[in-house]
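First comes the structure, then the notes that go with it.
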Amino acid sequence: MKKVIENSIERKAFFKLIFLSAFSIFLPKSLTAKNSSPEESPVQDENYNAYDHKWGMCIDIDKCIGCGRCANACKEENDVPREPFFFRTWVERYKIFGKGEVVIDSPNGGVDGFHNEHSERNPERSFFVPKLCNHCENPPCTQVCPVGATFKSVDGVILVDKDYCIGCSYCIQACPYGARYLHPVTKTAEKCTFCYHRLVNDKSPACVEVCPTQARIFGEMEKKSSPLVRFRRMEKIGVLKPALNTEPKVLYAHLDMEVK
Amino acid sequence: MEEIIQHLTPLLKEVSGYIFPNEIELHWGLLVVIYPYLTGLVAGAFILASLVKIFDVKELYPTYRIALLTALAFLIVAPLPLLAHLGHPERSYEIFLTPNKYSAMAMFGFVYAWYLMAVLLLEIWFDYRKDLIIWSRSETGIKKWILRTISLFSSDISEKAVKFDKKAIRIITLIGIPSAFILHGYVGFIFGSIKANPWWSSVLMPIVFLFSAIVSGIALILIVYMFVLPIRKKEINMLTLDKLASYLFYVMIIDFSLECLDFIHRVYESEESIKILGELVSGKLFVSLIVVQLIIGMLIPLAAIGILKIVKVPNDLKKQIYFLSAILVQVGIFSTRWNVVVGGQLFSKSFMGLTTYKMTLFGMEGLLLSILLLVLPLGIMYVLFKFLPPWEESRSN
Amino acid sequence: MLKKLKSIPEQVIRLAVILVIIVVVFVIVRAELVPDDFGELGHYRKGAVDEIASLELKYAGQETCEMCHDDILETKSNGYHRSVNCEVCHGPSAKHSEAPDEFLPSAPRKRDFCPVCHEYLPSRPTGFPQIVSASHNPVKPCITCHEPHNPVPPETPHECSACHAEISRVKSISHHAYLECKTCHEVPEQHKLDPRGNAASKPATREFCGKCHAEENEDYPGVPQIDLAEHEPRYVCWQCHYPHMPEAK
């Protein structure tokens, strides 16, 4: 008799498993997996609780001198291939001549700095714009990832799981900012992580660390004690492609209308 | 690594204007062009077969089973180009295990599985079940066992069972038409839902994909029908052919109207991206879009079939014109897929410049593998036709 | 019950068996292959965050440098380079901070390094110190005249540029580089003590610019000249031209 009861319990559990699994493909796995407490930080570093942070960056275009140290440091810090086809951050030079003529260039992403071209005409206005992943609040890239290999972590940073990415490139197609590339060796999508491994060690991203003019300002989006708060209070701010409603967490001061 | 660098470096010189530095590498190449082309053929062929059943079109009965088996052959191959283009094909099972419910691509696994298992295989199985049982009785050896296995060792050919088969087919067909619409409409959605890309982002994309799929499917069945019958030394039924051609004609008109609507809408709204798209269409896409897709693949066959509807011509000439038109339609639809997939990646998302796509001959993204993938369904069709003869006279009545 | 079961067509039973097999296989495979930590925080593998967080650091960070090099910090602290972090010039030095003797950071000494920031480019913000390296003491490495940890312009600032540094820097790379401020502005003696109470004058008429730029004036060969009466008489010159950086070539 006892055996029968056990059996029926097992059978019940088995059917429950079948039921849950058959339908859970459309549900987050959290319904079936053991629930971890929401306060528990995903990073095992005891000094870093991801729930306490929400990271963002401000870029003051008027301060950027186009030295390209950020683009270079990013490649150093993150082992980005040195070839000029793979960038997590890069610097663009805009030259606006009037009558709708806009010339943009970014030789090797600005890694080697910029140089004057011979017989240069005088532009009406000209400036540099550093670019990187905008770590959108509504990221179109994570929306399209078929397997959940790229995601917004609890501290707002968009990351890629290189051991889970299938290399379909759909996220690269979906990014409006051209901020992703397919790593030529690992064949997985890669992008700026705000130097996540530095954040958890209480250090700023490499590009911010080496910016000689503090054109890049990094910090908390939602805390009072953050340089971003002062920046947002003092400057007129824009984001790239606002019409797409991606809600970037990379903000630009003195953004020109020609910046795409 | 070296290979990619060698492939990309000369492309730097081909860039005009400004593109984001990561955009030099074009990520969706020939393989991703083939994928929607193949799925389109599947959906189109199946929709044709379903129309035959639902509206009981007597003239087209000879093409019913041909269309089903053709759809199956192409459906088996359809996921292969997708698989081959992945950076990590060995991880592709993750799409089934942890699908992201917000991702159009993740739904591919389920739409595909549903369509293959719940619709196409079921319909074929029910349609062939009685024949399989009868054929297996007169066969010996391995073939007998293969036929029996396919019939799932079923043996009931009583009138009641056959009647149930017919009923089941009708229900599956009714489910099948929306399923086929979903299968290809959804492929259009994969592109149409990318808001970052103005060439793709359009509500019309799924519906344009769908109708171009039906066009290509009907044209394919027309080609297969006209190719296979002479080989089997059978007379081509002109009534069947005329009906196929006129279906093709009407669906092409719808397809053409939709494409025109899309074009007019874009030009009239003339949004931020219109300059770069205009540059694209009049430059790098001129041959494949205006010449091949529009003139060769759409206007010429449309005019040819249209003239045949008005002017009476001898049957032999008519057959040749139908066959040639159907071939041109295939070329046109293939370049439609090309223009969507590759065209959508030739301009920068900065809207300030254009890049170039250079095809390779060898390797996973190469021309040879692509040709193989296009020929493979024909081989599968040959095997299917051998084991499950779709001819009317093979029916066991 | 059995009768009811028998009335189900055999096709359905056969297909149902296949369906059950497929579902069971799917359930087992899913249970086996999906990582345990998948979906705990969202639709992703929780472990991935930790893997990314534990990547190796290459840049030590300014705070780390300051722990040992307080002497250089002292030199730097009041100079123009006070906010330029060490690793901007010395490169990634996390290894150096762990094993100071084994790994030495690089120290750029060549003349091509400083112009990465300080070469004149029209796109750089006005006011940022720039030089044209081709004509700026050619051949000599920058560090022979400038101490990189506390760079000062080799000449003490002229009187005006002590306060009007930005204008003076812009002017220094313009066609008006060799004009003194006094050429155009009259400066009262009291201006230095009470600048707003004793403002320097500004030119008020087109004729003032015409002293050099009018056609009839032949004392200045090479200076762009115009017909003062014909050339846009509705405007005064500085409505279109910025006198400290006139754009016409």
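The letters A, B and C name the chains in turn, as written, and every chain counts its residues from 1.
Here is the rule we go by: a contact is a pair of C-beta atoms (placed from the backbone, for glycine too) under 8 Å apart; a residue touches a chain by one contact, two chains touch by 3 or more.
Computed from a prediction, not measured in an experiment: that's the story for all the values here.
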Least step count from subunit A to subunit B, where 1 means the two chains touch: 1
Reference subunit C; chain at largest CA-centroid distance: B
Chain closest to the middle [Cα centroid of all protein chains]: A
A-C or B-C - the one linked by more C-beta pairs in contact: A-C
Distance from the mean Cα position of subunit B to that of subunit A, given in whole angstrom: 37
Centroid distance [mean C-alpha coordinates] between subunit C and subunit B, Å: 51
Cα-centroid distance, subunit A relative to subunit C, in whole angstrom: 20
Contacts with 2+ other chains: residues of subunit B: 96-98, 100-101
Subunit C residues counted as touching two or more neighbouring chains: 26, 30, 34, 38-39, 43
Where subunit A touches two or more other chains at once, by residue number: 25, 29, 148-149, 164
Subunit C-facing residues of subunit B, complex: 93, 96-98, 100-101, 117, 122, 125-126, 129, 152-156, 160-161, 164-165, 168
Subunit A-touching residues of subunit C, taken from the complex the two chains share: 23-24, 26-27, 30-31, 34-36, 38-46, 48-59, 61-63, 81, 83-85, 87-88, 91-92, 115-117, 119-125, 128, 247, 249
Subunit A residues touching subunit C - in the complex, by the definition given at the top: 17-18, 21-22, 25, 28-30, 32-36, 42-45, 48, 50, 62-69, 73, 76-78, 93-95, 113-116, 120, 122-123, 126-128, 148-154, 159, 161-164, 193, 196-198, 200-201, 203-204, 206, 209-214
Of all residues in subunit A, those that touch subunit B in their complex: 25-27, 29, 81, 83-87, 90, 92, 102-106, 108-109, 131, 140, 143-149, 164-170, 172-182, 184-188, 244, 260
Complex interface listing, subunit B residues touching subunit A: 1, 4-5, 8, 12, 17-25, 27-28, 82, 85-89, 91-92, 94-106, 108, 110, 190, 193-197, 345, 348-352
